[in-house]
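Two complexes are shown next, each including chain A; its partner changes from chain B in the first to chain C in the second.
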Partner chain A sequence: MTTFDYAPALESRTIVTIDPQYGHFINGSFTKGSNHFASINPSDETVLSHIALGSAQDIDTAVDAARVAYESVWSKLSGKERGKYLYRIARILQERAREFAVLESLDNGKPIRESRDVDVPLAAAHFFYHAGWADKLDYAGMGNSPRPHGVAGQIIPWNFPILMLSWKIAPALAAGNTVVLKPAETTSLTALLFAQVCQQAELPAGVVNIVTGDGSTGAALVEHPGIDKIAFTGSTEVGKAIARAIAPTKKKATLELGGKAANIVFEDAPIDETVEGIVNGIFFNQGHVCCAGSRLLLQEDVAEEVLSKLKVRMAKIRVGDPLDKNTDLGAINSSEQLLKIRDLSKSGDDEGAERWSPPCAVPEKGFWFPPTIFTGVTQAHRIAREEIFGPVLSVLTFRTPQEAIEKANNTPYGLSAGIWSEKGSRILWAAGQLKAGVIWANTFNKFDPASPFGGYKESGWGREGGRHGLTAYLKDAESNNE
Partner chain B sequence: MNERLEVKKTYKLYIGGAFPRSESGRTYEVKGSDGQFIANACLASRKDLKDAVVAARSAQSSWASATAYNRGQILYRIAEMLEGRSEQFIKEISASDAISESKAEREVLAAIDRWVWYAGWSDKLAVLAGSTNPVSGPYYNFTIPEAMGVIGAIATEENSLLGLVDAIAPIIVSGNSCIVLASGRAPLSAMTFAEVLATSDLPHGVCNILTGSKEELAPWFASHMDINGLDISGVDEPSLVSDIKTAGAQNLKRIHSFSKVQHPKRILAFMEAKTIWHPIGV
Partner chain C sequence: MKYYGLVDGTEASLNNFLKSLPGVDQVGAEARAAMLGTRSIKTSSKKKAIDLAISMVDLTTLEGADTAGKVTALASKAVRPDPSDPTVPSVGAICVYNDMVSIARKHLDLVGGSHVPVAAVCTAFPSGRASMAVKIQDTLDAIEAGAGEIDMVIDRGAFLSGHLMDVFEEIVKIREVCGEKAHLKVILETGELVTYDNVRKASFLAMLAGADFIKTSTGKVAPAATPPVVLVMLEAVRDFYQITNKRIGVKPAGGIRNTKDAIKQLVLVNETAGPEWLTPSLFRIGASALLNDLLMQRMKMRDGYYASPTYVTID
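So, the complex of A and B:
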């Protein structure tokens, strides 16, 4: 029998120009930087550029620039004018969307389909949304004339580089803060391209500063006495370290941390849509998603049917070149992350769960991990408790709705959860019982600037997006310490 | 001379709706402004705190699932019970806080009115802090505020009754349960207030009250892994605040201190925003 397969459909990379070496973006211009380290393409391990390792001195210079810009320019500007800068940035992001998408896929390893259709459009949308808030802060529920904190120090992860940048910078600027942002060590390039966008938008110097580097650079930012507010997205472990570091200070913090989301399938769920939702929940962005639906909870009566259909669907997931428009699952972001995924998966084997992956050829170079499910997982297994942050799904079963809720909530995390059912009353009941900040019912992994995002318990502090997220960058007119 | 000897009250703790002594067997002397002995108060231990957290956790989900109307009525009932016993509180706090009876009366009346004010918030919080969100896609998306869980509070030293009410009311009105450490210097009205709670239809365990030393107990509040949030308005010493925040980081406790005594912010600080998405389609 003849079978048809997709021919490669490569997105051209000629639209991006990557310099061999970058400095930091401080006070409106690029520094030379020092102690450069290589930034590689995770899909073929070629060196893309050399990134400057930010020192405490670099952070100090950037914070000073942000402070001066805050006091002399940004805090004196009307909300209306601040908003117009944000609108400009949103428009330039849209104009240069393809360039950002290609660069993001090169640097991060995510499929071009996702960077093109999700990351970059949402990043522009975040600026557009928050631009509109800048002159309406009196209506944000903080009383009249709420004030910004001052200088925000922002640290973002490698899984959604330009999108996380926009989640951080857009509300900070709309509220009237200036920022020093540190991108993740392995994914600095779109942040540095964003610096050019700031220049094109003629954003006043020092309002946005970008210092690249590793964990030591981030720690210097957190500890800098000139920072008024910290915004961090990353691991729960680092989030707790930040909470401890700022304990003796007056610094405010929002933390978006890890998750181990339950994706609950009730017996009356629409099975075909559910299977699509499960795939989107765990294999979107290679599973490098803090809110990924990494624990699949199946009601016993439908477990077999869902699993067999899921396996058929997983066999059709195309793994490979991130720049191929047909690719569903791209490269794992780094060798370090690949080792972590392998280690946790091995623990699944060792602890008695059963591993399954579809036959799947992966490129020789680069960092790859096939879409994987583990069945026979118990709540005590590491793969049911720890965040894997990769394309690995742990499958558990339940008999009653109450049992599903108990299992879903049996985690120190509380970022997100999924519910699949055709019964409205059951969905609303389950949504009320789940201890999680974002609940997707009959859908999964949806994001929007108007929709607050953030977790309960050890998934972090505060929300990002919507009015709720905006208020994290404001304090009410009378108070200093609340 | 009055020949009848006064029957004095034994001040104990309030945990899970019961009035136990401290398991530690420890007490401390509470004295009036003139240094005169008034009573022995329990010096609560870490174990008492642990017991209170167990009681608070087991009471929380059913309290949160009570209707907002029901919770509002129970908070209003607390005001009713307090009003009925206002004379007793006026006498008690004027002695223990060393203030005039007229000042004590103002505080008691303010405490009653504070309960009435918070009672009315129970069914308005979702309007204040909830929203439907216009996402760009065929989804119904809404955000609701929800009770956080078990919240600890260190009440202020001053205004022993009003400070206690300012700690408890905003925490429980949304559906949280709480463990409150009363003013260490003037703890007696707190335990009398527990008698008000015990007769107010507030489910056992929703509010638990301890007396003792905040220097000793606050760090245990901070490090307890089953406490979700902490109101440390009663802690002023910067080093203790820092220690509490450091210990609280272990489970990322939400730790707040309030300068405004009467504000919905105090309620919302111990609520979580939950956002729910559902597709729209035929």
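So, the complex of A and C:
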């Protein structure tokens, strides 16, 4: 038998320059910053740079800069002029796409194939899309001349650093707000590179401010009285804390939180593409996806066939160096996250579910977890209820379509769901029954700037993307909705 | 067991079997094929892949203008694709019209290519529009002239009008004619079947009827061997092996003109049917121009620079 081993095909990292230390980006220039902490490459644990820990003072300076920029420059520009800046940023993101992709893979651990083909092109697409809205806000369904809120405080997660940044900054700027953004503690580097893009695009000083740091920095941002609107993507736990913190204030908020999506496979599904969709649903981005299809619901009469094909397919998943163009599954983002995945997986073992992973060698250094499925899972297992946020799939079965819907909806979350069936009427029926903000039919994890994204129940408030996402950054002039 | 015990030879059982196959989602199949197209094959694995691809080429000439001269030149090239480098393997077979078979066979034997089989296109290639008697005679002629492989076309008209049993019976008949003397490749002409559901259905139909290989296209209709079509066929042979324990070969033909495309095909094989299919006895690439591009890339890997095309023989 011929073996066809793919030789390593490494993307060169020489295209990126990483400074040994970074400060914050406030009022158009970089500060020195203080209390620096190390930011590491999760695939080999080497130190990439040192990131400043933003203090309440740093947040204060940044919010002031954003306020001045809002009042003196950005709110006075016409939509058409704002759009020009957004188009410029979008084009620079495209021009520097490879640089962003390599840096993202180094910092986050995700495969270069994904940062190159998904994250960075989508980030640019979000700026292009919202650039187009900037001079058409009168037609956003918010009445004539809807107005921006003012200064937006934005907190983004580590799973899609540059993409989440663009989801936040592009609509805010298009609508006429200025922003203070805090990237995640472990993945600040592409946000800091984006700060350089703002300089390159000659964006007026103070319109975009980036303050790095940890949860305390984020809390300071949320609590700052100069913030008019909060946009947060992250865990439900922190989302609840934010909701509590802003309850007595006039601050508006959109929260994009956790999920435990059901991926439902009916007996008439296109089996081979379904298997691809299952793999893409849970192993895309190492499962670090809030809308990941982490609960697989199989109709009992096809369960065996789907599982056996899924195992064959999982054995083909290439785990390894994120910069290798042939890698499918990269590194877990942090040791902390790895511990959480291990802990929840162990609960699966303890509670009697059956664990399976294909034989796969993982590198010695760095944070790694093999693609894993648990079969024999029921609704009562922790791994069927709690978000694992890793490459771990819980497999459940059902007998009738009604049962599938009941199980799918039996969760405090409601971010996304998947339906696999060749029968159009069944897809439409199921989509109407599912309590989830995003429903994919015969596909999974597809994103587009024009499509609103967000959750039901504890998966969040509001939508991002599309016209719906834009309205979160506008207030209705006529109803004077302050 | 006849028809692998999966159908009993009646129209009802054939129709039931083919209807029970799961559908193919077009978007998903195309996305998977495109993703596999992004695999990056470099250095040592590229070198191996090029030699493997050369050994899988069914070097083809199927022109009205074919002559003995053209066919003998092709035969010489098939045995020693690069006369300056004896480490280059012979191709998988040469593929010609059936009146050229004896010329090809004789010349191959003459130049030390007795190991290279001759494949003949039969059954009123490329359209398949002739009586059964003519199709049988066509096949008999080719085998008698020394063809070791028969590339038959299916009756696409019958398939598209739902007369699946007619298509099945034709293949069964030609299989009987081939007997042990010739391998049977069944050309589905996927460009005329159009949908991936049809490709999957036709693949299973051909395998049940006794095909040794399923082949995408005649090369006379576009689109031909697109990656998603080949993906669906590779899934079919993989699934068929799961049921029957018998490995059927796959032959994409038409439109694969350069090394990059050929390597993409090998990646599809490796990650869909599996590495067991990475052998000329289970995977062939029907092509003419492809061979020279493979040779050029091979020279580039050996010498470190691109040679002038004059260093590669034209036929």
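We adopt the following convention: the second predicted complex is superposed on the first by the 477 of 482 C-alpha atoms of A that agree within 3 Å, B and C clash if a C-alpha of one lies under 4 Å from a C-alpha of the other, contacts with A are read in each partner's own complex, and residues count from 1 in each chain.
Basically, a contact is a pair of C-beta atoms (placed from the backbone, for glycine too) under 8 Å apart; a residue touches a chain by one contact, two chains touch by 3 or more.
Please read these numbers as outputs of a predicted model, since none were measured by experiment.
Chemist: After the superposition on A, what does A:A450 contact: first (chain B), second (chain C), both or neither?
Modeler: A:A450 sits against chain B, while chain C stays out of touch.
Chemist: In the overlaid three-chain picture, which partner chain does A:P225 touch, first (chain B) or second (chain C), both, or neither?
Modeler: neither
Chemist: Using the superposition on chain A described above, determine whether A:N326 touches chain B (first), chain C (second), both, or neither.
Modeler: Second partner only, chain C.
Chemist: So, A:D5: does it touch chain B (first), chain C (second), both, or neither?
Modeler: In the superposition, A:D5 touches chain C alone.
Chemist: One more residue to check, A:P359. First (chain B), second (chain C), both or neither?
Modeler: In the superposition, A:P359 contacts neither chain B nor chain C.
Chemist: In the superposed arrangement, which partner chain does A:G466 touch: chain B (first), chain C (second), both, or neither?
Modeler: The first partner, chain B, only.
Chemist: When both complexes are superposed, which of chain B and chain C contacts more residues belonging to chain A?
Modeler: On the superposition, B touches more of the residues of chain A.
Chemist: A:P20 in the overlay: touching chain B, chain C, both, or neither? Say first, second, both or neither.
Modeler: In the superposed model, A:P20 contacts neither chain B nor chain C.
Chemist: Let me test your reading of the model: by the given contact rule, A:A269 touches which partner, first (chain B), second (chain C), both or neither?
Modeler: In the superposition, A:A269 touches chain C alone.
Chemist: Using the touch definition from the top, say if A:R113 reaches chain B (first), chain C (second), both or neither.
Modeler: After superposing on A, A:R113 lies in contact with chain C but is clear of chain B.
Chemist: Shared contact residues on chain A for chain B and chain C?
Modeler: After superposing on chain A, chain A residues 442-443 contact both chain B and chain C.
Chemist: List the residues on chain C that touch chain A in their complex, please.
Modeler: 22-25, 27-29, 31-32, 38-46, 48-49, 52, 235, 266-267, 270-271, 275-276, 278-279
Chemist: Per the contact definition, I'd like the list of chain A residues that touch chain C in the complex.
Modeler: The contact residues of chain A facing chain C are 1-9, 113, 117, 268-274, 276-277, 316, 325-326, 422, 442-443.
Chemist: Which stretch or stretches of chain B touch chain A in the complex?
Modeler: For this pair, the touching residues of chain B are 65, 128-129, 131, 133-137, 139, 141, 143, 148, 228, 238, 242-243, 245-246, 248-252, 254, 256-260, 265, 272-279.
Chemist: Which bits of chain A are touching chain B when the two form their complex?
Modeler: Going through chain A, the ones touching chain B are 125, 141, 236, 239-241, 243-244, 246-248, 255, 257, 412, 427, 431-432, 436-443, 446, 448, 450-454, 456-458, 460-461, 463, 466-468, 476, 478-479, 481-482.
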